[in-house]
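The structure under discussion appears below in the form of structure tokens.
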Amino acid sequence: MNHARSRIWELVEVSYDSDSHSPVLDWYDTGMMALILLNVLAVVIASVEEIGGRFAWFFSAFEVFSVAIFTVEYIVKLWACTADARYAHPVLGRVKYALTPMVIIDLLAFLPFYLWFFMIDLRFLRALRLFRLLRVLKLGRYSQSLALMAHVFRRKRSDLMAVALVLLVMLVIAASIMYYAEHEAQPEAFSSIPAAMWWGVATFTTIGYGDVYPITPLGRVLGSFIAILGIGIFALPAGILASGFSEEHERMRNECNRNVCPQCGQAIDE
Amino acid sequence: MNHARSRIWELVEVSYDSDSHSPVLDWYDTGMMALILLNVLAVVIASVEEIGGRFAWFFSAFEVFSVAIFTVEYIVKLWACTADARYAHPVLGRVKYALTPMVIIDLLAFLPFYLWFFMIDLRFLRALRLFRLLRVLKLGRYSQSLALMAHVFRRKRSDLMAVALVLLVMLVIAASIMYYAEHEAQPEAFSSIPAAMWWGVATFTTIGYGDVYPITPLGRVLGSFIAILGIGIFALPAGILASGFSEEHERMRNECNRNVCPQCGQAIDE
Amino acid sequence: MNHARSRIWELVEVSYDSDSHSPVLDWYDTGMMALILLNVLAVVIASVEEIGGRFAWFFSAFEVFSVAIFTVEYIVKLWACTADARYAHPVLGRVKYALTPMVIIDLLAFLPFYLWFFMIDLRFLRALRLFRLLRVLKLGRYSQSLALMAHVFRRKRSDLMAVALVLLVMLVIAASIMYYAEHEAQPEAFSSIPAAMWWGVATFTTIGYGDVYPITPLGRVLGSFIAILGIGIFALPAGILASGFSEEHERMRNECNRNVCPQCGQAIDE
Amino acid sequence: MNHARSRIWELVEVSYDSDSHSPVLDWYDTGMMALILLNVLAVVIASVEEIGGRFAWFFSAFEVFSVAIFTVEYIVKLWACTADARYAHPVLGRVKYALTPMVIIDLLAFLPFYLWFFMIDLRFLRALRLFRLLRVLKLGRYSQSLALMAHVFRRKRSDLMAVALVLLVMLVIAASIMYYAEHEAQPEAFSSIPAAMWWGVATFTTIGYGDVYPITPLGRVLGSFIAILGIGIFALPAGILASGFSEEHERMRNECNRNVCPQCGQAIDE
């Protein structure tokens, strides 16, 4: 029983690091991945009215089929998770496992379907199914590149958060300035500071939809200064990440051919 | 008396470098920070007409409360600042302290409230209260990242200023060219060279609101060249900052483990 | 015969690496390049109605002339390709050669002209002639820089593909979120998730045409978060490529003057 | 006479490298720089109709004054240039000097004023006066940063030109594709391939004015691919320049503390 549980646990919880990929495991992975992708595709296509309306029966059937599989997978996972040392306790371990972010997403992906029977319409939560897509990223041939990227992001996390903080503070200041400058001329577009922040986001990210922009000379001069300052802020993440990739590359190279002191020939720990 | 003054000075002038953070100091810092954040939030929210109108009495009360605190803080700061060696002189030191940029901002944050009694409406200066937000940046968990960023900006200051100068010169040239090319076809949008500079800012920053753009074939050809050149200029700050972050990282690493072979103790040139 | 074939093969298949550029080969290269450029220019100019209509006879004549040359070149290439060791077999070699991407493009560049006689209108394939332009890139004075760029792209291919994958997943998620947030307010612009992806592309790339943008407060808040996250994603390729160029430069320098002390001849670890 | 000519030559041709800045030379430099800046300011301000119309007499007077100074400076320069070894020949040297780009710009800056007497209206050439602004860049406190930037641009010139070439080829291809996809649906906006190139420029540079964009599903799909590819191209100059700045910084550091072989202690030329 315990052995079977371990085997099944290994099967349902995709073991990325394991080198002993059995053919069964590969088939299971590929199948689940395909189901998730088809599900996402179904959500996307069904949103097109002409298609979603005409083939409603097909999408409903596929929905039932998917929810059935996801439900079974969820139950099996909860049953098997005690095979993992981290969730070994029969009750507490299962609760702990059920509360991990990925498993909550798994639950939210099919729960709305059942709640609908009780007249609780939370179907918009189906969109959460899309987050299962993130799992796809962990697999496949680009996993190494993605791991490198994730590593760089994690190492530069506090720098990037600091940029986001500066951005937020500057956004509030810029929106307030523009609100005072443009409110009288455009009481609609710059109706309040939060509304002016929408202009600020479009400007700082250099998207510039063109639905909100200053029209008074003062607003344009101030807006120009803010926009040009925005270039500098926009350049920060690029600079931080570029530096992060360089450092990572350097670190990897140093690991390959460890530094050896040219005087005594012994390795030097960096 | 002098000892009390020193203690109070330490309290009101947030001492970022001091390691001896007493609980009182921490509480005071957190409280002032919360008040500033709530004030900014109040300014932002009160600008939304439906909310600002209905809860006018609340925002007025909070305004009076905030101004009272800020006024007391300002007076205490001015009284205590002589504890600092830089502002030791009873009169000149206080004047000198009162004229530092941060203290001027503190004054402008609450002064308009009093001037209003004298029928001088400078309430738009309240927006300056937002700049107190910048103080928030100095605190908290991202202070190290922010210090790194500030350091990189300071080291690359002259390079970035030079880019800004090139940008300004190119902006004037580009706006003049477009003015001559588009003035006849669009006497409204390209009414003058300063007006054409608004197009130039939107183009160089790649925001492109879409309120002003060339429509004549000549204007479009010239505008295309200017826009593509703009890519190069836009890439400059990113390049400068990326290089700055790399250098800083390198410098820090070199400082941490100076290049000395741990076996033989001899320095190694990199 | 075989010698002639080798000479002609050398002539028609531009031999970039060969150092023995004969004057004939140079003339042939320049001529074909000029013909391709003129062809592209003709396609571009003929699309302007006033010009394309008035000088229709000229563009038709130039079309016939170009197709004749391209046809002859294609036949000669197919005949001569057996001179190359890779395509030595009289039949299979020629088929193999005919199926290389560049040769298929060559075929598609003139085939529509003949199919037109059989009432099959595939003239839109003429646009493929433009891809011959890519050949121009291989020649000329910038070939070294382009080779460096191609090299960096190739080395960072998997990283860039991984970014594209992340971008795609985020695009689907962002479009779904915005569809649920904006569909009711703007049933036209956000008519379906694929339609919302058009908004997503304009936002992630920071183009922001301004034809589609959120108008509900919820949509704007969510759109702002997505847009700011987009900055980070946008910064990734720049960071990856910057790091790639640095590495390539380093590698080239190390290859040029290998780290050997010119005085004592011993290698130095960097 | 020759000595005076040398002194005057030194005066009029700003000698950036010379360390022996006499006070006279400094005054002359500052004066000319101020005149150029005021001239640019006059051109910019006079373009504003309300100001340019009311103070027409002032701008005319300043125009006459400026042209007089520029004319005298031009004549003096031509007279004195033979003091320079490069332009030593009394006639040929002067012609050679007169044909250097900066001197041609100087001529075009005031020549239109005189031609106007002969009913030749080339006043739009006055805009060329703006290019004299570029001279301002060479002076002042940012000259070192600007020299570094110019150096990086010059070293990476062929790389950047290659990017521009790739951009141009891709622009033609993208515009042709979009022309075939959108011409029927929007015969106005995508009237011809050159017109579609205007869409291409706005898209590749991520400006996105919003005056031209695809509306057909096919056009949007193709446009999305082109836009996302554009991110990669846009990231190239940033990557190239970042790498250039890093290399330059490295080179400067290596010059400071020359590499010394750790075995024999002798310097190593890199």
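Letters A, B, C and D mark the chains as written, and numbering starts fresh at 1 in each.
The working rule: contacts are C-beta pairs under 8 Å (C-beta built on N, C-alpha and C of every residue); 3 or more make two chains touch, one makes a residue touch a chain.
Because the structure is a prediction, the values reported are computed rather than measured.
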Check your understanding: Which chain's C-alpha centroid is most distant from that of chain C?
Key -> B
Revision key, fill the gap. Here chain A maps onto chain B under a C-alpha rotation whose angle in degrees, rounded to the nearest 5, is 90
Point to revise | Between chain C and chain D, centroid-to-centroid distance (C-alpha), Å | key: 30
Check your understanding: Using mean CA coordinates as chain centres, what's the chain A-chain D distance in Å?
Key -> 43
Practice item. Pull out every residue in chain D that's touching 2 or more other chains. Key: 202, 206-210, 234, 238-240, 242-243, 246, 262-263
Revision key, fill the gap. Seen from chain C, its contact residues with chain D in the complex are 40, 43-45, 47-49, 52, 124, 127, 130-131, 133-134, 136-137, 141-142, 144-146, 148-149, 152, 160, 164, 167, 194, 197-198, 201-202, 205-211, 234, 237-238, 240-246, 249, 257, 261-264, 266, 268
Review point. Mind pulling up the chain B residues that touch chain C in the complex?
Key: 206-210, 238-239, 242, 270
Check your understanding: Along chain D, where are the residues that touch chain C in the complex?
Key -> 158-159, 161-163, 165-166, 169, 172-173, 175-177, 179-180, 191-194, 202-203, 206-210, 213, 215, 217, 220, 223-224, 227-228, 230-232, 234-236, 238-240, 242-243, 246-247, 261-264, 266, 268-270
